[in-house]
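In order of appearance the chains are A, B, C and D, and numbering begins at 1 in each one.
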Amino acid sequence: MSEAARDARHEHGYIHDKDGYLRRLRRIEGQARGLQRMVEEEQYCIDILTQVSAMTKALQSVALGLLDEHLSHCVVDAAKAGGPEAEHKIKEASDAIGRLVRS
Amino acid sequence: MSEAARDARHEHGYIHDKDGYLRRLRRIEGQARGLQRMVEEEQYCIDILTQVSAMTKALQSVALGLLDEHLSHCVVDAAKAGGPEAEHKIKEASDAIGRLVRS
Amino acid sequence: MSEAARDARHEHGYIHDKDGYLRRLRRIEGQARGLQRMVEEEQYCIDILTQVSAMTKALQSVALGLLDEHLSHCVVDAAKAGGPEAEHKIKEASDAIGRLVRS
Amino acid sequence: MSEAARDARHEHGYIHDKDGYLRRLRRIEGQARGLQRMVEEEQYCIDILTQVSAMTKALQSVALGLLDEHLSHCVVDAAKAGGPEAEHKIKEASDAIGRLVRS
């Protein structure tokens, strides 16, 4: 766990629709199991790739939702407080966005 | 299942390292469960996003491996046979590549 | 020009290294001309695709740099001011990030 | 120029709609110039990012079109001929697809 993570444990409730995210992640877990079955049964490769694309889109959508919550809460709060912590939070968010764009 | 999928059931063994793919997909399934735990515990958002990026990369890598096998076997075989089936297979592969690039 | 754009005209100097960005965009323009020459001369398709990938990466890198500046200045300023404008700026940034991730 | 590129110079006409591709690439070059103007005038950052996303999509679409032509001609011809050249062409195409997916 990063240093920032430890601090953040105290910011309870930053994810507004936690149940919604858990439901979406369970569906993604189910897609990962479905892919194993498709490979196990040697289903048609193109159909497997279609499933991988759908799963990637679902993951991206979760990431974009979480990022929006992060900007709306952690980053806005840090910006209000100002100082080096605000800069750190922006840098950290930009790096995370870069990883999402490149993945 | 698409029409092409039914035909393909007879092309057993097109995935050369099936165990390798199953192992990678089980790891991806584990990452999906890990993400649920992170959301459940409200871990730091940036750490969750880092995990999503890693999982997306792992999925893409599986997709690129499967696509390479598909081109090497199904598409090459169809190209040798020639005719409309070859054209259909190329069109289908190009569409799948488009979905991967855009997802 | 969007409404937000008109307001922003007054925030001069939000791009810190303007010359750097202009230099990178001129290089990207040169890559676009290079691609036309490659197509004109019917150079090898794979070499053309390699150039397209390099150009896409260069564009993404410019976008991520500009986004970082936008978060550091416009979004931080709006967050400090608070109110609906802060929410609007976050929503707008999240939408732009979504377009980058999906493109 | 790669070795493969030299060979390929003899396969004239592999790009069927050369004028169409040149027109699209000129439009992309124009978008690159438009971005310079936007940065020069310090237009609103989000509007610049929207243009970058549109340009990235246009580039991807050109790449997917060229890749489809490459698979339909070079790869199909190599597959018919068979042997190590067929394997080389598939490997090369898979690598190019990987670069597109990751860029």
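Heads up, the rule we're going with is that a residue touches a chain if its C-beta (ideal position, glycine included) is under 8 Å from a C-beta of that chain, and two chains touch if they have at least 3 such contacts.
Since we're looking at a predicted model, the values are computed, not measured.
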Common touching chains of chain C and chain B: A, D
Farthest-lying chain, centroid of Cα atoms versus that of chain B: C
Chain A and chain C, separation of their C-alpha mean positions in angstrom: 22
Chain centre separation (chain A, chain D; CA means) in Å: 30
Distance between the centres, which are taken as Cα means, of chain D and chain C, whole angstrom: 20
Multi-partner residues of chain D (each touching 2 or more other chains): 60, 63, 67, 93, 100, 102
Contact set on chain D toward chain C in their complex: 1-2, 4-5, 7-9, 11-15, 18, 21-22, 25-26, 28-29, 32-33, 35-36, 39-40, 42-50, 52-57, 59-60, 62-63, 66-67, 69-70, 74, 92-93, 96, 99-100, 103
Partner chain C, residues of chain A touching it in the complex: 60, 63-64, 67-68, 71-72, 75-76, 79-80, 82, 86-87, 90-91, 93-94, 97-98, 100-102
